[in-house]
Amino acid sequence: MSEAPSVAARPGSRNLVEVVLRLREAGVVVFLVVLGLAFGLATDRFLSVQNLTTVASSAAILAIAACAQAIVLITRNLDVSVGSMMGLVAYLTADWAATHPGITPVEVVAIPLMIGTVLGAINGLLVAYGRVPALIATLGTMSLYRGFTYIYAHGQEVTSSRLPPWMLSSVDARIGGLPILILVSIAIVAVVAWLLHAYPFGRRLYAVGSNGVAAWFFGLRAERVVFFAYVACGFLCGIAGLLYAARVGTVTVVLANGWEMSSLASAVIGGVSVSGGSGTVVGAALGAVVLATIDNGLVLLRVPEFWRMFIQGAAIVAAVAVDALIAEAIRRSTGGRRR
Amino acid sequence: LAQQKTSGFKLMMTPKWTGFPYFELTGEGAKAAATELGDTLIYAGADHAEVSLQVETLQNFVTQKPDGIILAAIDGNAVAPVLKQARAKGIVVGTYDADAAVAGRDMFVNQLSYEQAARVMLDAALIDAPEGGEIAFIAASPTSPNHVAHMKIMTELSKTEAKYKVFSVVDTQYAGDDDAKSYDVAVNLMQAHPKLKVIISSSAVSAPAAARAIEATGHVGKVWATGFALPSAIKRYLENGSQKAFAFWDPWELGYVAAYAVHQKLAGKFDPKEGAVLDVPKAGKFKTFKDAEVVYGKPLIFTKETVGKYNF
Amino acid sequence: MSTSAKRQLPLWEMALVVAILAAGAWSSTLSPYYLSVDQLFGSTRAFIIPGLLALGLAVVVSLGEIDISLASIIAVGTVALSKLSAAGVPFAVAAPIVVAIGALCGAFNGLLVAKWRLPSLAVTLGTMGAFRGLAFIAGSEVGYTDFDDVYLWLGSDYVFGGVVPVSLILFALAAAGVWFLMHRTGYGRRCFSIGLNPDAAWFAGVDVVGVKIRAYALAGALAGAAALVWVGQYGSARGDNADGSILFVVTAVVLGGMDINGGRGTLSGVVLALFLLGTIRNGLGLANVGGPTQTVVLGGLLVAGVLRPAAAAAIARLSRPAKTREARAQGE
Amino acid sequence: MPTVAAEPVIPAPILLLRRIGKSFGPVRALEDVSFDVRPGRVHGLVGENGAGKSTLVKIITGLEEADEGEVILAGRAVRFRTPIEARNHGIAAVYQDPKLFPHLSIAENIAMGAYPSGWFGTVDRRAMIDTAREHLARVGSDLDPKRTVAGLSVAEHQFVEIARALSSDVRVLILDEPTSALTPTEAERLFAVVRSLRDRGTAIILITHRLEEIEAMCDDVTVLRDRRHVATLPRAEVDRAKLVQLMVGRPLEALFARRERPTIGEDVLRVEHLSLDGVFDDVSFSVRAGEIVGMGGLVGAGRSEIAQTLFGITPPTAGRVVLKGVEVAPQSPKQMLARGLAYLPEDRDRDGLIMPETITHNITLPILDSLSHWTVVDRAGERRLAESASQTYRVLTPSVETIVSALSGGNRQKVAFAKWLATEPVALILDEPTHGIDIGSKAQVHAMVAQLADRGLAVLLISSDLPELLAMSDRILVIAEGALVAEFARDEATQESVMMAAARQRGGKR
């Protein structure tokens, strides 16, 4: 019989939590603006329309991969096979396109989406139904998918001259001065954000990641939700792999190597919690923009390569720490106990 | 002395990493040489360029007691101990593409001397931009010795040699033999240096990516990419006119010569001392320099007219 | 789970032993060179560096945490050693300093994870980049190779008639030490109890934060020791040392039967798994099987290794229909 | 055995439970339970802790599968796979501990699983928020549905849960101890809602430990004891005494034999002006050697928090603690254990034991250092200690190498006792030591506690079980709203006086 007064005795805490939760993406934007201003002051080349377009193009594909990663993270899981899925999808698609000269744009889009979905479903089966811890399952498929790419490729790469010319020129196109790649990426992130925000499926992702036991009490099928999160992740990796292939032109077996880490880093910087239930794909995409901005700014400032690695690592740790502060605020306001 | 064997040697070859077309071509060239000479050649390696894996591969080679080992070293110093062990067992060690510490090998078949490489890349750059201007480099990493040497010599030449004085070096970036990274670095370079004329890369991954970046960002005609690249990878850009010239050598023949050299040494027909000449009937005669460095030295420049002749 | 949970592990270790013997037998048919004493001992050198990391990671995993920054700590260690070597510091002084630097890096991870309660995967993802960045910043661009012979002894010499690598002895000592720590001392018991239930462990007077920080520091120290071996084996110190070897390490730990959620597993399992992976890779290597195939085999083993408990649980579910759904929901 | 009082006027049952049985591994949770629930009536369900009430709720709503028996809804046997399915059939439940999604808004929590759909299958947010507001209003809450759940108080959590249960066309509403976290005013508000639902023909199952709520609300009462169905009677046919008799199986007096007058020594544990901001305030008391001091109060009064602060789980914000004359600032359990204080946590399975570990390892975890020579744990000695301890405390087990989770609740509690006593404490805090354990074990625990006190231990006994508190304690402290509100000597204390003090509200109401 004491809750009401005892809560009243700690005013403000709930407001803080809400404000912080709501402003998480805004916080990333503020960070981005500060970063941009800093680079802008340091070098006048940074704040030109052209350079900002460059940054956005560099971030575009990573933003999609980060979006894929975020969907899985929201359910309190993880996918480290993102890079390998992109690589396999890109290689198989490019190889198909190179060996079937009459290929139509519809096929070029449909094939990677199908392959990506299948790869994601394999991950989903292992994690959701096989109950294999996400890190381990996807570490395994990371090598399986990459290894398969190597074996399939037989030491070959698909060069730009073997790809249908329209495949490359279509990603170079601009609409209203903006590269189509940026527009596509914004569209995809927006659609996924909207799906997660507005559709029951999206809300279930958050529910399962927010409180697995409650999900059970609410009668949600956590397995199914997690499975589809991985399928969605694979699907988006299909898109990202295709765009990557078209952007770089030459498709090698190592394509998107290491992107599991960049996508994870983007999501974490963008406020997606690795403990599930919070963060948005928009945040993850903004995280990708932060990484691209750091890359671009440091090149413009001629900062040695190695500092980039260090700064990015430090940015991740800082982002996680901010997240923990928020979680701590939630814990305090809900009266949850500490260890 | 026992009677010298002249054929039927067992050769083992490992590239920096397998699965990359350039190295696969060198492997095929070496296999062709071995077949012609009545030797056997095994080509194997890890799927990414990690020195501990390369050492493991070499260790496994040594265990199999081949007559000769051919390799492209990832980290010349790191492989030296196992190579020394191999030589101590009488195995002839030849490096190609990227050298190991001198004590670890019997010879190094160098595709181009560092200076040759620097010159041919600058020559290609001159085809792109005869009027000269700002140039920037993309290298794999600050730890790859040949790239670092190329850049140093090119910078040197642009200051000292009249022909190249039209160029001024403005930047160096690293892209770790990664195509997306190279692409982004190229784009960032064009942003950082508005008057940039040529992007030169001695990485066969970065040069095509830079060409693609120029094409995709609408810098065609303003900025040129050049450096080392497989003709198949840059054919498109030469043919559609967005680029004018790239350089390379024939990786197949390089592998062929490397295997040939090791065979000849095993057969007692070639001693890689300074001044010695390696005679490879199908490829030519190659001179040996200090530290048993056999220079293959046949640079190629690809242009719109010539690129069609090459099938690698 | 019931009472049989304990008895499952030795069974797994037996299975690993059988698998090692099978892989060995298979390897000896692949290559006539396999079964020689030199070869067998020599080939272990390839697993000593990942092996040292695996020992440390196993301790961290027993707590239900993870550390993917260990390979980067090697780079920090090798670069630090190169600085010390350049400064003419004797190896006997330099070696403990490098191990201490590794421990410090690990303790930093531990502090973030235990004291600040940050998720260990995200934290070590960050420090993985940051440590390697530091190694690059501190080391010169081209790396350092002018090590004195004394510096190389640990990683390159052999003893007992030039057959047994010194580093193998170091690994054996480290493995025995960590095994002893985890399975015979109170510290190890506390680690496992934290992995099973950190709350209950804390209520029982376990200093959870301290135990975790020490575990991370130990893993870091072992990575520092691995850096010493690295320099000895490869004579080269660069910022990119040991880049990308963490997958192999995680695989060994999980295949060895350590539960990635903490609280279960044995160090002997981890060592056996190292031997198994080593034997398979050695055999494949001697048969000159390509790298990609090896990668696929490694990935397949990893998935198989973790599907093992899932499969066991599935079998148990079939044979025992009564189940608690809530318990499963909580296990998520 | 299942007797339904046949009165001609009452409506036909809507929900029938027939011979329900359920086991959790070795634990038998329910056996042969049958009764009927009728529309327009409130059906009370009572029984001691662990009698299986919550399990029954879970079975009805499809969270757990029954091993035996069937659930019949409106004449058809049903077996729901998920609570969503149950809700679609008109059965909604408020579970014992509120479980919500902290990151989501109140409206989403209320709508989860049954979103109002708008365009193209999207969630119609406006409708969702309006519905949520409506339902909240029905339970008398004016919470903003757009707020996130993280940050709500326990009571607010509870109201969201109830609003959620109302959000479907309920034919059967199950409330599992809905008032345990509410103030009397809030509880009254809730009951008003329940009455109006009843009057509209909803069948309601109300689980509660508060017998006055049974008297005030219920039309029928079902009693469970030892996992079995004992009786189902119309409210008119039972009074408190009978209810207790049915629940416990024997008269109250027979259950708790009072302890002989003990010999009491010096102060061992002295607490002065202890406070934890926002939880409890200025608490002072002392416990002497050989004394059992009871601590009573309503659930959520702050007793566990006080105990845990003493034990170093949450360091206090003010005040001091003196143990055996030495002042200590509690910082961690490790430190307090070293000073001779032990705490038996109320949530035994989560905090008190490491369930997947063996009995031996559980018992020796706090004392590993003293069992070690040169850091090496003496495993033979450890086993000997565990064996003798499990004999002393009469743990029923095949061996000390048995995993704790395989034991029954009472035996687990005995292992927990053994573990804390192995640390040889001078003062012992017991937090609900008999919660959820069966009668037999309960008596053993009581005997054990008395014995320990007789040996000179200072014991602080926190219990919500009034008869137990009265029987065991030499002195009783009462906590309400985080403050020490009363102290009774052994002979002054009666159920009524303690209850009165415990129910005191700030501002003096009730």
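When the chains are written out, they are named A, B, C and D in that same order, and each has its own residue count from 1.
Keep this in mind: a contact is a pair of C-beta atoms (placed from the backbone, for glycine too) under 8 Å apart; a residue touches a chain by one contact, two chains touch by 3 or more.
Note that the structure is a prediction, hence the values are computed from the model and not measured.
Note on interfaces C-D and A-D: more C-beta pairs are in contact across A-D. One simple way to say how far apart two chains are is to compare their mean CA positions; for subunit A and subunit D this gives 43 Å. Inter-chain spacing, taken between the CA centroids of subunit B and subunit D, is 74 Å. Here the CA centre of subunit A is 29 Å from the CA centre of subunit C.
In subunit D, the residues that reach two or more other chains under the touch definition are 63, 313. Within subunit B, residues 18-19, 47-48, 141-142 each touch two or more of the remaining chains. Residue numbers of subunit C whose C-beta contacts span two or more other chains: 199, 202, 239, 290-292, 294-295, 325-326. Chain pairs that touch one another: A-B, A-C, A-D, B-C, C-D. Residues of subunit C touching subunit A in their complex: 66, 112, 116-119, 121-123, 125-134, 136-137, 198-199, 202, 208, 239, 247, 250-251, 254, 260-261, 290-296, 298-300, 302-303, 305-307, 310, 313, 325-326, 329-332.
Per the touch definition, subunit A reaches subunit B in the complex via residues 45, 48, 50-51, 54, 57-58, 61, 146-147, 150, 153, 155-157, 159-161, 165, 168, 171-172, 179, 244, 247-250, 252-258, 292, 295-296, 299-300, 302, 305.
Of all residues in subunit B, only 12, 17-19, 42, 44-48, 50-53, 55-57, 59-60, 63-65, 75, 77-81, 101, 141-143, 145, 148 touch subunit C in the complex they form.
Subunit A makes touch with subunit D in their complex at residues 1-7, 9-10, 13-15, 17-18, 21, 198-200, 203-204, 206-207, 209-211, 213-221, 277-278, 330, 333-335, 337-338. Residues of subunit C touching subunit B in their complex: 31, 33, 36, 38-39, 42-43, 45-46, 49, 141-143, 145, 152, 156, 233-236, 238-245, 281-282, 285-286, 288-292, 294-295.
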